[in-house]
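Working notes, beginning with the structure itself.
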C-alpha cells in the first residue's frame, strides 16, 4: 500500500525574540521550511508504515526548484521517495491551480491514500485537499485527529464540539490530518544523510500532460497593505487587585460589554 | 443582476448560527449585486426549516438533503445546484464542514476561492475579498481573474456577519438527487466525550487562559468569570497541551480562529501562534504579570498584575454591578 | 646564535570550508537542543542528575556515533561536523554536551592504538550509544603531571591485574567500558612504563568510591574509581607494554578540541541569552540593549566567540589531516575558547544585572559551567606550555623552561 504525502515549502513563521528561562527559537523570516501542518501528515504516514500497514511513503511537492529542500527534509524524517512538480508557469499558483496540478501528479502516482496537512501556514488556504479529491473523483476524509487503514478502507477520527465521529470511506481516498496526530519526529542524522542520496523525480507541466493555459490562476491579488495601525494599549499597572478589578469593570461598562 | 448563494447547515432540526450569519451576509451582498440571497440547505431539519431562512435574509432556499450524514456527502446536489443557480458568489462557513464543501465545489467546477475573509464587497459586478495573511502582517485584497468563471467561493469566518431578524418566508425548492464520490463517506461510530462545549467560534465573549493559569484547578476562576460575563472559556495551546482544558477549547494557529466582541486573555503571553487565532476580536483585554508580554502590543487594555488576585475580584465586581 | 626565525606556523594547504551539510547538521542539533535539551538544563543542574533521557535522545538521532566509522554503525562526520554537534548541545546545556564529548574521548585510545579486533568488539555498541565509555587517566597525584600515575597493572599469565585509584573521571560511574592507564613497569617510570587497557566496568574488583560535588556541569558524574585486582585479559591491552603514555598524550592532543567546542557552545549560549534579555529589559525608559555600554559588551562577546569558533574549526581541519603540528592548534583552540567562555559567561551575568545572579535565569549556571573548560583536559597553563614548546621549537630556540 502506498501513501503520497503532499508537502508545501513555506516561509518560516517569524518567532518573537523573547527571553524566558529556556532558550527560545529565533528563525529568520526568509528561511524556508516544510509547512508545519504538513509535518503532522508526514508523521501519520510514517507511523502507518512502521505499523506495517503501508509499504511505501512518497512525498509530492509543487513549487520552485528550491522546494526540493522540503522533499529532502521530509525524507530525512523517513520515507521512500520524493517527487517535485516544478514549472515557471506555476509561479503564484492559487488553490485551484495547485489542486489541478497535484491531482494530475497523483493520478500518475496512484496511491491508495493521498495525505495532506489541514492547511498551509502562509495563505491558510485549506481547500486543496478537498479540491484534489473532487478533481480525482475520490472520497474526502478531512480534519482527521488520526488516520487508520483497515482492509480496503480508510477511517479518520474527526473531533467535534461534543466528542468525535469516525468517518470511513473505501480506498482510494484523499485525507487530511490535524495536529492532534501527535508530535512530529525529528530528522535523525542518518536520515539526513540518507535523504541526500535519494534521487528525486522532477516533473514539469508537460510531463503531466497539462497546458500552461489550462492552469492559469483564477484569482488575482489587487492590493496588499499592512493592517491599519491599532492605537497602543491602555495600561493598568502598579495598582492593587481591587483597584485593577474596578478599573477593568469600568472599561467594560464604558463599552457596554457588561451592565 | 446576480444572486449570492450561501451554505445553510442545519443541526438538530434548527439552522446553525453560521447559516443565520451567512444568510445576513449573502442578503447584504446580494442587494449590492442586484439579486437575492439563495440558501443551500442540508442537515437534519433542512427541509422543514428552509422556509424560516426567509426571516434571516434568504429570498429562496434549495434543500440539498436532510439526512444525518457527513456534510461532505451533499456534494453531488450542491454542485448541481450551484451550476444551475450560477450565483456571483457562494458563501461558506470557515468550519471543517464548510471547508469540505467549499473545496469540493472548487475542484468540481474549477472556481476561484477566497478566504477566510475579513470583508467581501461587490466591485464592478464581481466580488472583492479582503483577507489577513502572513499571520496578520498583511491585509490583501483579491478578485477573480478575468478569465475565471463568474462564481466565486468565499470562506467566511464566524462573527464576520451578524444574523438579522427580519420577516418573510423564503421560497423553497428541492434539489434533484445527484451522486458523487462523497456519498461513500459514512459515519461508523460517534462518541460524546463531555458535556457539549459551546462552539467558540460563535461566542460573543471569550475568557481565555494560558500558561499563566498554571493548572486545571486554576481554570475554575476563569469559568466563573466567563459565567459572570455571559461568555465561554477558551485556552491557548500551552494550556490545552498541558491537559488543563479539552483540546476543543484551543485557540490559535492549530486551533480555533475566533472573532468575539470581547476577548479576555488571562495568563497568555501573546505569541504569534496564539495571536492569529484571536487578533480580530473587537475588544482585547489582557491580564498578565509580565509587563513585557507581547500581548501588550495588540491588546486594547493591558492589565499588569497577578491573575489569581484580579480575576476573582473582577468576577465579584461584575456580579455586584449586575445586582445593583 | 642565529636569530629566532618566524614563529608563524608552517603554512600548509589545510584550509576548511563549511558546507550545506554542516548547516543542516547544525539546524538539526539546534532544534533538538532548543526543544528538548534546554528546557531540562536547570533541572539537571539543580538535581545534579545524569540526563539518561537526553543520552537516549542523542543516541536515537545518531549523534553519539559521529566519530565512529560507518562499518561500526557510526556516521563518520569530519572534525568540524563533530565540533558542531558538541557546540550546539553545549549552547543549550554544558552537562549534556559532555555526552557526545566523552563518547569520543573514552574511545579515542582504542581509535588511536587499538587493534581491529578490539574496535570491532567495542565500537558498534559505542557508536549506537548503547554503551557509554570513559577515559580513566587522572589520579589524585597525577593531574597535569600525567607521568606521575601510580596505578599498577601486574602481569599474571595471560592477564593483568589492575590495582589503584583514579580520580575526577568524567562519566566514570555511568560508563560500561573504560580506557585505563596503569604502570606495567613501575621502575621505568610513567613515560616508559605505562600501558593502556580496555576495562569493562562489570569486572569484579571495580567500584565507584565516590562522586564529586562540583561548581558546575553538576549533572555530569565525576567519579573516584577503585580498582582492586581487576582482571583484564591481555587481549584488552592497547598496543604494547609501555605504549600508554604516548597513547594518553596522543588522545589528549585530540580530545581537547572537543572541550574547545564545548566552550564555544557555552559562550554562544551566554551571548544569545544576554542579547535576548537586553532586548526586552527596560530601565530608565529604554531597552538596555540600546545603551552603548551593553552593546560594547555584546559585541566583544560575539566577536570573541566567533574567533574561538573559527580557530577551533581550523584545528579540526588539521586533526583531520593528521598535521604533525596538530597539538599546537588544538591547544591554541582550547586555550582561547576556554578563556572566551569564562569571559562571555561572566559578562552575560553582568548584562543580566541582579537577575543574572539568581537561578531562575540560566546565565549563572553557564558561568559556573564555563569554569571547567579552563581546567580539565589540560589546564590553561598546560596549554600554554604546549604552545610555547611548539613556538620555541619552530623558531629554533632551545627550550629551558620549567
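Which chain is which? They are A, B and C, in the order written, and residues in each are numbered from 1.
The rule we apply is simple: contacts are C-beta pairs under 8 Å (C-beta built on N, C-alpha and C of every residue); 3 or more make two chains touch, one makes a residue touch a chain.
Just so it is clear, the structure is predicted and the values come from calculations on it, not from any experiment.
Colleague: Applying the contact rule given earlier, which two chains have the most C-beta pairs between them?
Modeller: A-B
Colleague: Of the chains shown, whose Cα centre falls closest to the middle of all protein Cα atoms?
Modeller: Per-chain C-alpha centroids compared to the overall one single out A.
Colleague: So what's the Cα centroid distance for chain A and chain B, whole Å?
Modeller: 21
Colleague: Centroid of chain A to centroid of chain C, CA atoms only: how many Å?
Modeller: Centres of chain A and chain C (C-alpha means) sit 42 Å apart.
Colleague: Using mean CA coordinates as chain centres, what's the gap between chain B and chain C in Å?
Modeller: 57
Colleague: Please list all residues of chain B that touch 2 or more other chains.
Modeller: none
Colleague: Residues of chain A that touch two or more other chains: which are they?
Modeller: Each of 18 in chain A touches at least two other chains.
Colleague: In chain C, what residues contact two or more other chains?
Modeller: Those would be 280.
Colleague: Which of the residues in chain A come into contact with chain B in the complex?
Modeller: So the residues of chain A touching chain B come out as 13-16, 18, 37, 94-96, 99-100, 103, 121-135, 137-143, 155, 158-159, 161-170, 178-180, 216-227, 230, 233-239, 241-242, 244-249, 251-253, 255, 257-259.
Colleague: Which residues of chain C touch chain A once you look at their complex with the stated criterion?
Modeller: 21, 24-25, 28, 31-32, 34, 38-39, 42, 60-63, 66, 75, 91-92, 269, 272-273, 276-277, 279-280, 360-362
Colleague: Help me check something: in the complex, which residues belonging to chain A touch chain C?
Modeller: Where chain A meets chain C, its residues are 17-19, 21-26, 186-190, 192-193, 196.
Colleague: Under the definition above, what is the set of chain B residues touching chain A in their complex?
Modeller: Chain B reaches chain A through residues 70, 72, 75, 96, 99-108, 110-114, 116, 128, 132-145, 147-149, 153, 155, 181-182, 184-199, 205, 229, 247-248, 253-254, 261-262, 269, 271-273, 283, 285-287, 291, 294, 296-306, 309-310, 313-314, 316-318, 321-322.
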